[in-house]
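The letters A, B and C name the chains in turn, as written, and every chain counts its residues from 1.
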Amino acid sequence: MKKALLGVTAAAIALSTSACGQGLLGGDSKKDKGPILLGMDIPLSGSSADIGPDMKNGAQMAIDEINAKGGVLGRKLQLRAEDDACDPKTAVAAANKLVAAGVAASVGGYCSGATLPTLPVFDRAKIPMIIPAANSTELVAQKLRHVFLVNGTGDQQAAAAMAWVTKGGAKKVALIHDNTSYSKDIAVRTAAELDKPGGPDKATLDAVNPGESDYSANVTNVLKSSPDFIYWTGYYQEGGLLLRQLRQAGYKGKFMVADGSVDAKLVKIAGDKATDGTFATMTQTPDTIQGAENWISGYKQKFDADPGPYSTQSYDAVRVAAEAIKDAGGTDGDKVVKALEGINGFQIFSGPLKFTPQHTLTNGGFVILVVKNGKFVLQDALK
Amino acid sequence: MSQLIWNGLFVGSFYALVALGYSMVYGVIKLLNFAHGDLYMLGAFSGFAMLGAMGGLIKSSSLVALFVVLILTMIATGLSGVVIERVAYRPLRGAPRLSVLITAVGASFALEYGTRIVAGPNPKVYPVRLDGTSLNVLGARVTLQQIALMAVSVVLMVALNLLITRTREGRAMRAIALDPKTCLLMGIDVDRVIARTFFIGSALAGAAGVMAGGYYGKIDFLMGFIIGLKAFTAAVIGGIGNIPGTMLGGLVLGLLESFGTHWVGGEWRDVFAFGFLILFLTVRPTGLLGERVTERV
Amino acid sequence: MNALKDPPVKPVRGRGPTFITRFLESRHLGWAGLAAGLVAPFVIATPYAMNVMTSAVIFVMLAVGLNIVVGYCGLLDLGYAAFFAVGAYTSGVLSTELKLPLLATVPLVIVATVIAGIVIGGPTLRLRSDYLAIVTLGFGEIIRIVANNLDITGGPSGIYGIPGLLGDATSEPVVFYYAVLLIVAVAVLLAARLGRSRLGRAWRFVREDEDAAEAMGVHTYKVKLAAYIAGAVWGGLAGVLFAAQLSAISPASFTFLQSALMAVVLGGMGSTPGVVLGAIVISLLPEVLRGLADYRFFVFGVLLIIMMIVRPQGLWPHRSRER
């Protein structure tokens, strides 16, 4: 009797509320009028929490610029940022939240590992993704039509590294990564290039255990192979320690880092003496592009902070999305995807944009930086 | 080869220092203080905070500054250890093992993420660095700083051993390890002795933390997690509850890791260490020097 | 002689159990909960809500599995995520390499998790509880690092493109939710049934006093291993569901932090309804309090300490039916 009473009460409550909007029997929530929402899955908490706000600001800057010029197709743009905490489960929940909010496109994605599971979520909802930072090959390996990367990929970075190493006349190159997906990708690809006959040779390919302090074992290993050039493809926390310990061990050759280590803290951790003269492969950032000083000062004024490493890519992602929506004449997912594929020469920070058939940048836009007086400056634009 | 040995011994001395605190606490109240590794982290951070506060004094005499900070940090972490014991462990003195273990896990989380809230998630860089000239000893590159740090560790460990074996306090600790109830009857203030044990063990971990901060330069709020596990492994290898054994265990673990990563590759370092932990627990649970049998009672 | 008028002990005058208390302790709570779960999509069915609810249900399964090990048998397994990983990766690798739907991989997942349970439980179950906790944590780390380093598990990028449970039809969020709800409901019922069985009673005996149990003829080692293996299978199956939901798994999802320990401790170790409720709360909280994400683990830590000191039996403790 009691059980039946409970059951009936529950059912009554449920059915009476089910008619309200979002239940199975409710209506749809697609938006055709009002502001165009752009969704952004970025890390705002967790291990990469400091990257998220810079990306959000970069995107917001683009949105404000476009809105000031009248918006897109007469509608204003609006940013909707959700925290993915660089965790797959949180990222999927955030992606679903964005889909439920009715975003027209996704312009977020930093951690490849967290972005990868969100692909089917956006795919099911037919929402195009223009990913500003995450760039592991798995993202495009599934050949999903709606995924576009506006950051240089691992193989483009490896190619840039190869070009510089060859230009510099290195004989034996040691590669070190931290066994995370993006870092390992670059190192392995560079190793493959080095293994090809002619040009510099590979001294060794080694991996460190991220989060540790003592890398003496790796240092010993790497130095044993007598390299004259070392390329570190991981992040600045380990990179700084590694560089310092290598120099302390007496390594006198050249050192290069990938874009994950391009951060002022690398210099701090390794010390000025050790870092001076260190190279870096990096996508174009405001400080290395001629004429970008206005952009930087505009950013500083607006947000009272320096732009971060991916502020420009996020800025560009929004602009690309807006351009595509304009070309497509609306927010219909398939049309926008077609428009994205058709973009030819739209100017973004890394050069004129044209997507490859795999939906990556034709021109990776990687340049070589060098550390001078504790700061990263442009060394070679690798044209 | 000799470089590998030296690397191993150097890392091992850090493991040994942290493992000692672990082992001491276990010896006295039979609790594996899960939060012990986080005291190492607290030491590193309080050292960082103190050095930051000292600011201008540092440039003139960095080594002296570091030494002073070392002493102060040891006191600070020691006190933190006592507070943790008072707040989290003493109320559960009579409770089932499971409860105390869970509390220890909770204390660990609270310390780690509490530090994160206060200091931020990004790693910090120590303002005082121990850079240095290196000598060549038997084919291994050895820096004076490394020797200094190892010397400090050895001094601390020897002091600890003297404390345990020669002083009355040490006798009290050993007595409580054997039979706490009788100790109460004999008039030993068990609570005070346990508090002192925590103080000493935590102080040692804090010392290791400051030294690691000064030597390696980078500290972050999760650095205690892995060190805690490695310290436990070291204690098990050497014989938990046994001071010289734990010291030996730390050095042995450092050497094992050094050679292990040389053969198998850097990314397998932790697997190697834990593999040895499991091996020892299965094959020789008393450890290398252990006299204590793993009782199930 | 005037005992009735002047009783030696004053009779306690109080109110009987209220409706709420009786409701919370009734055996019908479970069924009411299931009914709520079944009806929930009628109230709100956005992809976001479905995603969050499905995650919560999968987490319930994980918590119930951990409850068998920690709650019923008293073995503090801090590396429980290892079984979660084994299940997810086994089904992930098999389904992507052999192009099978996930349900087809389940028998192999069960085999894999049983083996994992024996391999991990074998050496460790002879140890005291403190050692057990740390060694299982070590094993958890080993499994995660191995998954991170090997190519067959996709290395640090993990495995992607994992198909749904039974082809694309089940990828539709609402259908998937109901499928998961059904599977987990059965699993929870089985776990509760197991807890009430003879084996369950042996587990509780071992938890209360291992030596007395041994003295009474209970093969403590076998009993503990059985708990471990049961926990492993539950965890592994939760892993399969996890892989199905996310379609891409990587080592980052199997760290020590993803442990369901908080849920088990909060809900009540050994109490199935408690653990289910605890799991739902712990799963929904981060979504509800998205802004406070940075404080989450600090609060968990403090809460664990407080729970153990103030209410170690959990918020909805096991109500023993044996009187």
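Methods note: a residue touches a chain if its C-beta (ideal position, glycine included) is under 8 Å from a C-beta of that chain, and two chains touch if they have at least 3 such contacts.
Remember, predicted model here, so these are calculated numbers, not experimental data.
**Student:** With centres defined by CA atoms only, which chain is the most remote from chain A?
**Tutor:** Looking at centroid distances, B is the chain farthest away.
**Student:** Please tell me whether A-B or A-C has the greater number of C-beta pairs in contact.
**Tutor:** Ranking A-B and A-C by C-beta contacts puts A-C first.
**Student:** How many angstrom lie between the CA centroids of chain B and chain C, rounded to a whole number?
**Tutor:** It comes to 33 Å between the two C-alpha centres.
**Student:** As a quick test, compute the distance in whole Å between the mean CA positions of chain A and chain B.
**Tutor:** That gives a centre separation of 39 Å.
**Student:** Averaged over CA atoms, how far is the centre of chain A from the centre of chain C? Could you give it in whole Å?
**Tutor:** 35
**Student:** Residues of chain C that contact two or more other chains, please.
**Tutor:** Answer for chain C, listing residues that touch two or more other chains: 148-149, 294.
**Student:** Among the residues of chain A, pick out those that touch two or more other chains and give their numbers.
**Tutor:** In chain A, residues 46, 49, 179 touch at least two other chains, as defined above.
**Student:** Can you tell me which residues of chain B touch two or more of the remaining chains?
**Tutor:** In chain B, the residues touching two or more other chains are 121, 267, 270.
**Student:** With touch defined as at the start, can you tell me which chain C residues reach chain A in the complex?
**Tutor:** 26, 28, 31-32, 35-36, 39-52, 55, 148-149, 155-158, 160-161, 171, 174, 245-250, 252-253, 286-287, 290, 293-294
**Student:** So in the complex, which bits of chain B are touching chain C?
**Tutor:** Against chain C, the touching part of chain B is residues 26, 30-32, 34, 87-88, 91-92, 95-103, 105-114, 116-117, 121, 225, 229, 232-233, 236, 267-268, 270-271, 274-275, 277-278, 281-282, 285, 294, 296-297.
**Student:** Can you check the complex and tell me which residues of chain A touch chain B?
**Tutor:** 46-47, 49-50, 179, 206-209, 211-218, 220-221, 237, 240-241, 244, 248-250, 265, 268-269, 271
**Student:** Would you mind writing out the residues of chain C in touch with chain B in their complex?
**Tutor:** Those in contact with chain B are residues 70, 74, 76, 78, 123-124, 127-131, 133-135, 137-139, 141-142, 145-146, 148-149, 207, 210-211, 256, 261, 265, 269, 294-298, 300-305, 307-309, 312.
**Student:** Contact residues on chain A for chain C in the complex?
**Tutor:** 2-3, 6-7, 10-11, 14-15, 17-18, 20, 22-26, 29, 44-46, 49, 82-83, 85-90, 92-93, 96-97, 99-100, 112-114, 116-117, 119-121, 124-125, 136, 138, 141-142, 179-181, 184-185
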